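Down below are the structures I want you to see.
The two complexes that follow have chain A in common; it is paired with chain B in the first and with chain C in the second.
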Partner chain A sequence: MSRFLYFLIFTNMMAIITTPIPRILLVQSADGAIGSMIIGTLAGVLFTYITVKFFAQFPGMDLIDLLQTYTSSWVRIPITIYFTIFWFIAGLITLVMTVFLLITFLTPEMSIYIITLSILITVFFGVLLKSKSVLFTLEIVFILMIPVGLLMFFKLYSAPEVEWDQARLAIMHINQVPKYGSIVATIFVFLGCSNLIIFNRYFKEKQKVSLLSLGAITLFGVVMLVTSYFIPIGLSGFDRIGQLIFPWTSSADAVRMKFGLIERVVFIFMFIFVTIAFVSIIIHWHISYKLILSIFRLKALQVKQQNFTPFLVVTVFLLIGLWITALLTQYELYQYTRYYYYTIPLFIAVFFLTMMAIKRGASK
Partner chain B sequence: MSSKWMKVAVLSILLIILTSSISGCAYKGVDKRAFVVGIGVDPAKENGNKFRVTLKLAKPIASLKSSTANEYELLVHESDSVAEAIRFLETREDKVMDFSQTKILALNEDLLSGDLFPLMDYFVRRGDLQLVLYVLMAKPTAEDVLKAQPPLEAAGENSLYNYFDKTGTESPFVTTTFLFEFRRDYDTKGKSSALPIVEANEAGTQLTVTNSIVLKNTVEPYVLTPTETKLFNTLVDGAGGYGYKIENAGYKFMLTLDHVKMKIKIHTNDGQKPRAEVKIKAVGAISESDKLLKLKDLDHYSKISGEQFGEQVKNLFVDLQEKNVDPFGFGLKYRSSRLNTKDTLDNWKAIYPELEFDVKMDMQLKSVGAIE
Partner chain C sequence: MTESKKPEMPPFMKSISEALPSSFDVLHVPLTLDDAHVHLLYMKTVVDGLTLQQSIIKPFYELDDERKFGAYIQGLPNRLDPPQPDELLIMLTSGFVLVYADSTYSILEIRKLGNTLQGPTISETTIHGPQLSLSEDLETNVSIVRQHYHQPNLYVETHQLNDKSNMSIALLYDEKEVNVDVLRRVKEKLDGLDEPLIQSAGELAVRLTSRRFTLFPTSILTERPDRIVYNLTGGKIILLVDNSPYAIVLPVIFFDFMVSMEENYHTYVISLYNTLLGWFGLLNCLLLPSLYVAFTAYSPEVLSSELTLTMAGSRIGVPYPSFIEVIIMLFFVELLTEASVRLPRSINAAATTVGGLILGTAATEASLASNVLIMIIAIVAISTFVIPMNELGFAVRIVRLLIILFTTLFGLIGLISGLLLLIVHLTNMDSFGEPYLRIGWRGKRSEKMVNSE
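Here is the complex of A and B:
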């Protein structure tokens, strides 16, 4: 497998810290979260395997090409629109959550518009990059984050502040029936490989899915899930963990570096996760933007050689982002996100049906 | 204009606009901020109010050389809630109050009985307050403790910090409790939280930290004696130090312990009384004795000190059990070692008063000091 594919999958896994997923899991910690995580992990790995296997059959072609070549337009257009919306919301959730995180912990007195705008300006340029440049951006961010990430993991797992009895107490609640909400939230962690629908264009060589690579993906996903689930419990206690709105950040605030650069390690963590969130938003919106452009291009915006539709599309993205961020309350964010995750099985069904349609078209 | 130049132009304009936003943290420079180093909460003196909130602000100094004494400003206001009092206090300073450096939360003894939830709410809800700030019980009042200024306190230093962050004094008498830890233990069913008690003398020149208080919302607070505090800290944090008194078999020792490890297991076999098996491993040396000691008898000394130490620990457990508090977290151990059912908690509530403690002591004395 290409290293970029790993980056795509791992970024999606790391970005869960800046989505409501940890809270969705932790709220149900006494109510079957662990069972749900196990089921979700198995389903997610299976999804990864099938998806990567499928796109390996069509090296160098993205979903837009495949749909245009092998299916008729009444299949193509609704599917493209659905995926556009799905990916756009995925990015939107990360955006809103990141803004809420910043406004709660970093700059409580600052205007929400200024915070959102300062994120969106960077995202604007990120989304408009070429797909290949997005992958390179991803790689650079990933490599820059590795040392900080390693420090974070070392710090978290060696911290005397983490009370492992609390984590054990959470494991003792394994005998509960898994819940739908937590299962789908866990599956989302493993959806990173579906970004192939655009980026497969740049994987020109045939991808091989070995057992080892699948194992690496599973391991990384499990480590991220365990970190985002058990570390907050170990730091903030099992019984009242559901009360925390940002369980991960509030808990990471409990870890300190006595002789390090700064005492509150939480700022280093936030640096990592806000950066990862940036990249995650850029990836999701980039895909969304590519998809919508494949079916929609305004002739009126053609000025000489340059067509300005991409700028229009991304500006619309930004405006919706800004509007939604200002509009949503914390409760609504969590509630609507939950509904969004509820539709993941539908997404997977559509995804697989599309794959089947393409395969049938290809075999003809 | 070609599109390349267009891009460069747009980017430059954007960068120039962006520079205007780099005007300090959230548009407020450090010279416009007043750093709060400690918050104290007392019961109100006037009728009608609930809390008397004291803020300790650090006064900026030009350089460490030019300033000889430490200067702080104390602001006091009484109000119905902590947040309201702090909002009022903000109007007494021309600078914006910055709580990101706050490290001390001093609570008055009278506020600690009953449910602490409404009191603690503000400190956890406010995201920019650190969760690694030190919570302590202040005696006689939080205001006095924040006001106290020991003569050894140098400029730019806060002596209250040094007690707790283990970079200054490291005494087994000092319990260190962070805000997140306090909240976690207070909320966990099957564990109680412990706070250090900081006492200021009348002249405001000295602070003493020797006792601890154990809190749980359902029971009366219980104050540990200095000896109990020392044992508690030793067992929970592994904090060593001087001063473990042993009197056994005709010997009188003082021990120094380097490190102490405790493991708890709860056995609830059918037909037997519930039993807590506590394994303690302690490594140390003898620092004072009333007799000449023989090096070859070290094993014997280890044995007799182990016996006595184990006895002291057991007495502490029984004492806490009688008061129905559980700072060691036996309940948490119980809950985290068996599959959860809906009766687990009720079972534990029935078990704890009858629990028997089986202390297995492994004392290893490595030396008798510099003389026999």
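Here is the complex of A and C:
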């Protein structure tokens, strides 16, 4: 598998800290979260396997090409619109959550519009990049984050503040019946490979899915899930963890680095996760933007050789982002995000049906 | 020889001579011995007089026969058939001699070479590497490269710029390693150049980039022969310009700017350490002023409490917000840096030391800047010079201001945002079709073409 595919998958996994997923899981910690995570992981890895296998059959072609070549337009347009919305909301959730995180922990006195704007300026240029450059940006950011990430894992797993007894207490609840909400939230962690629908254009060599690469993906996903689930429990205790609004960040604030320049390590963690969130928003919205542009391009915005539709689309994205961020409360974000995750099985169904339609078109 | 005795100029030479301006250095020299007549037309100031005397005038009187002399001229290695009159005029101005002998015209290259002296390296000094830079003469430079790189697949193509300077440039590449697409693109760019006057390698490098407003250079200017050869083996294209001691290296990726040639002359660990120092310097230079703004004005709680208190204590009495403080002090340091470049060598050390020391002490004593900031500014000023390539240093100095602006507006998150924006900008750029910022993994053959540096 290409290293960029790993980056896409891993970034999606790391970005869960800046989504409500840890909270969704922790709220149900006494209610089947662990079982749900196991089922979700298995389903997610299976999804990854099938998706990568499917796109490996069409090296160098993205979903837009495939739909245009092998299906009729009454299949193509609804599917493209559905995927556009799906990816847009995925980026939106990360954006809103990141802004809430920042306004709570870093700059409580700043206006929410200014914080959102500071993110959106960079996102604007990031989304408008060539897809190839998005991958390069992703790679650079990912590699820059590795040393900080290693420090983070080292600090978290060696911190004396983490009560592993509490984590063991949580494991005792493995026998509860898994819940739908937690399962789909876990599956979302593994959806990173679906970004191939645009980026497959740059994977010109045939991808081979070996057992080792699937193992690496599973391992990284499990580590991220364990970090986002058991570390807060270990730090804040099992009983009341469901009452925290930002369970992960609030709990990680307990870890100290006594001799470091930055004593509260949570800021280093936030640095990683905010940066990853930036990239995650860029990736999701870039896909959304590419999809929408494949079905609509305004002739009115043609000035000489430059068409300004891309700028219009991204500006609309940003305005919606700004509006929604200012509109939502923490509680609403949590609720709506849950509804969004509830539709993931529908998404997977549509995704697989599209694949089948393309395969049927291709075999003709 | 009086005017009346001067033999009649042959008609073609006459027309050429009339097209030339009547300046003092245009010479028409008729050589006459018995009934042998030979005519020379050249410009004295660009032709090497001694060689002319040795290879044309002396043999004429020794051979004593027009036919034999004609054959001798025909056999000279630097002889060409005369081209079209327009082109011929340009050739005459660049050191060619038009010879009429035995009723044929020949054109001989007897050029007075420019500055063939190799000076010491100035902008990229190393301790262990070669100490001499390129000269200011194109042929000498090509020969320097050839002497460093004994390979039959080193191709040298010469072009002539079609601007007013009509400067010759040489395109050097290793035919086995070069990326053909890039080569084609560079040639297209060279042919499409539409500039009234190009005088140096730096100017040509700027004109070759397609975007008008760029901050980061898309080619390296180097004066080191070893860097040229190093890049040739990496499949890059070298452009040498006549009268310029700098060579242009294309295409480049961002990481090329972070390579100092010194790193090749040390053991692995030492060069790794040097590379890391370079990167650390780059980060310092980019981030330290913005971090100061972010930590004093927006998020003091991020740092450990002792450090925060030290910084706050140092800022007691400073009457304006920290970003004004940073911008004022940075501006002074930029002035100092610029002054030290412009001043003559003999006094610049004194001027900058005195300027820096007095300014720093006085600013803190007048509580116009905090002590911590003076330290940061000093570190930043030094770090700028750790960056191996000068051109990147300039770009970083400007980007730093933009990141300070972002931090001033948005705080710590603005710093992250600005840094990401920089990365996004760099990945979006390309140098002659090659992505500018990307990580080239050395092991992969498919990516080795441009990234072997």
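Following the convention adopted for this analysis, the second predicted complex is superposed on the first by the 364 of 364 C-alpha atoms of A that agree within 3 Å, B and C clash if a C-alpha of one lies under 4 Å from a C-alpha of the other, contacts with A are read in each partner's own complex, and residues count from 1 in each chain.
By definition in this document, a contact is a pair of C-beta atoms (placed from the backbone, for glycine too) under 8 Å apart; a residue touches a chain by one contact, two chains touch by 3 or more.
Being a predicted model, the structure only gives us computed values, none of them experimental.
> In the superposed arrangement, does A:118 touch chain B (first), chain C (second), both or neither?
After superposition on chain A, A:118 lies in contact with both partners, chain B and chain C.
> Now for A:141: first (chain B), second (chain C), both, or neither, which partner does it touch?
second
> Just checking: does A:263 make contact with chain B only, chain C only, both, or neither of them? Give me first, second, both or neither.
Both: A:263 reaches chain B and chain C.
> Give one of first, second, both or neither to describe whether A:306 is in contact with chain B, with chain C, with both, or with none.
Only chain B is touched by A:306; chain C is not.
> Now for A:133: first (chain B), second (chain C), both, or neither, which partner does it touch?
After superposition on chain A, A:133 lies in contact with chain C alone.
> After the superposition on A, what does A:108 contact: first (chain B), second (chain C), both or neither?
first
> On the A-aligned overlay, A:175 touches which partner chain: chain B = first, chain C = second, or both, or neither?
First partner only.
> I'd like to know which partner A:27 touches here: chain B for first, chain C for second, both or neither.
neither
> Could you tell me which stretches of chain A are touched by chain B in one complex and by chain C in the other?
106-107, 110, 114, 118, 121, 263-264.
> Sort out for me which residues of chain A touch chain B in the complex.
Contact set of chain A toward chain B: 30, 104-110, 114, 118, 121, 161, 163, 165-166, 168-169, 171-175, 235-240, 246, 250-251, 253-256, 258, 263-264, 305-306.
> Which residues, counting only chain A, touch chain C once they are in their complex?
102, 106-107, 110, 114-115, 117-119, 121-122, 125-126, 129-130, 132-134, 136-137, 139-141, 143, 260-264, 267, 271, 274-275, 278-279, 282
> So in the complex, which bits of chain C are touching chain A?
298-299, 301-305, 307, 406, 409-414, 416-418, 420-421, 423-425, 427-428, 435, 437-439
> Enumerate the contact residues on chain B facing chain A in the complex.
3, 14, 18, 21, 25-28, 96, 124, 126-128, 130-132, 165-167, 178, 180-181, 183-185, 187-189, 329, 332-333, 335-341
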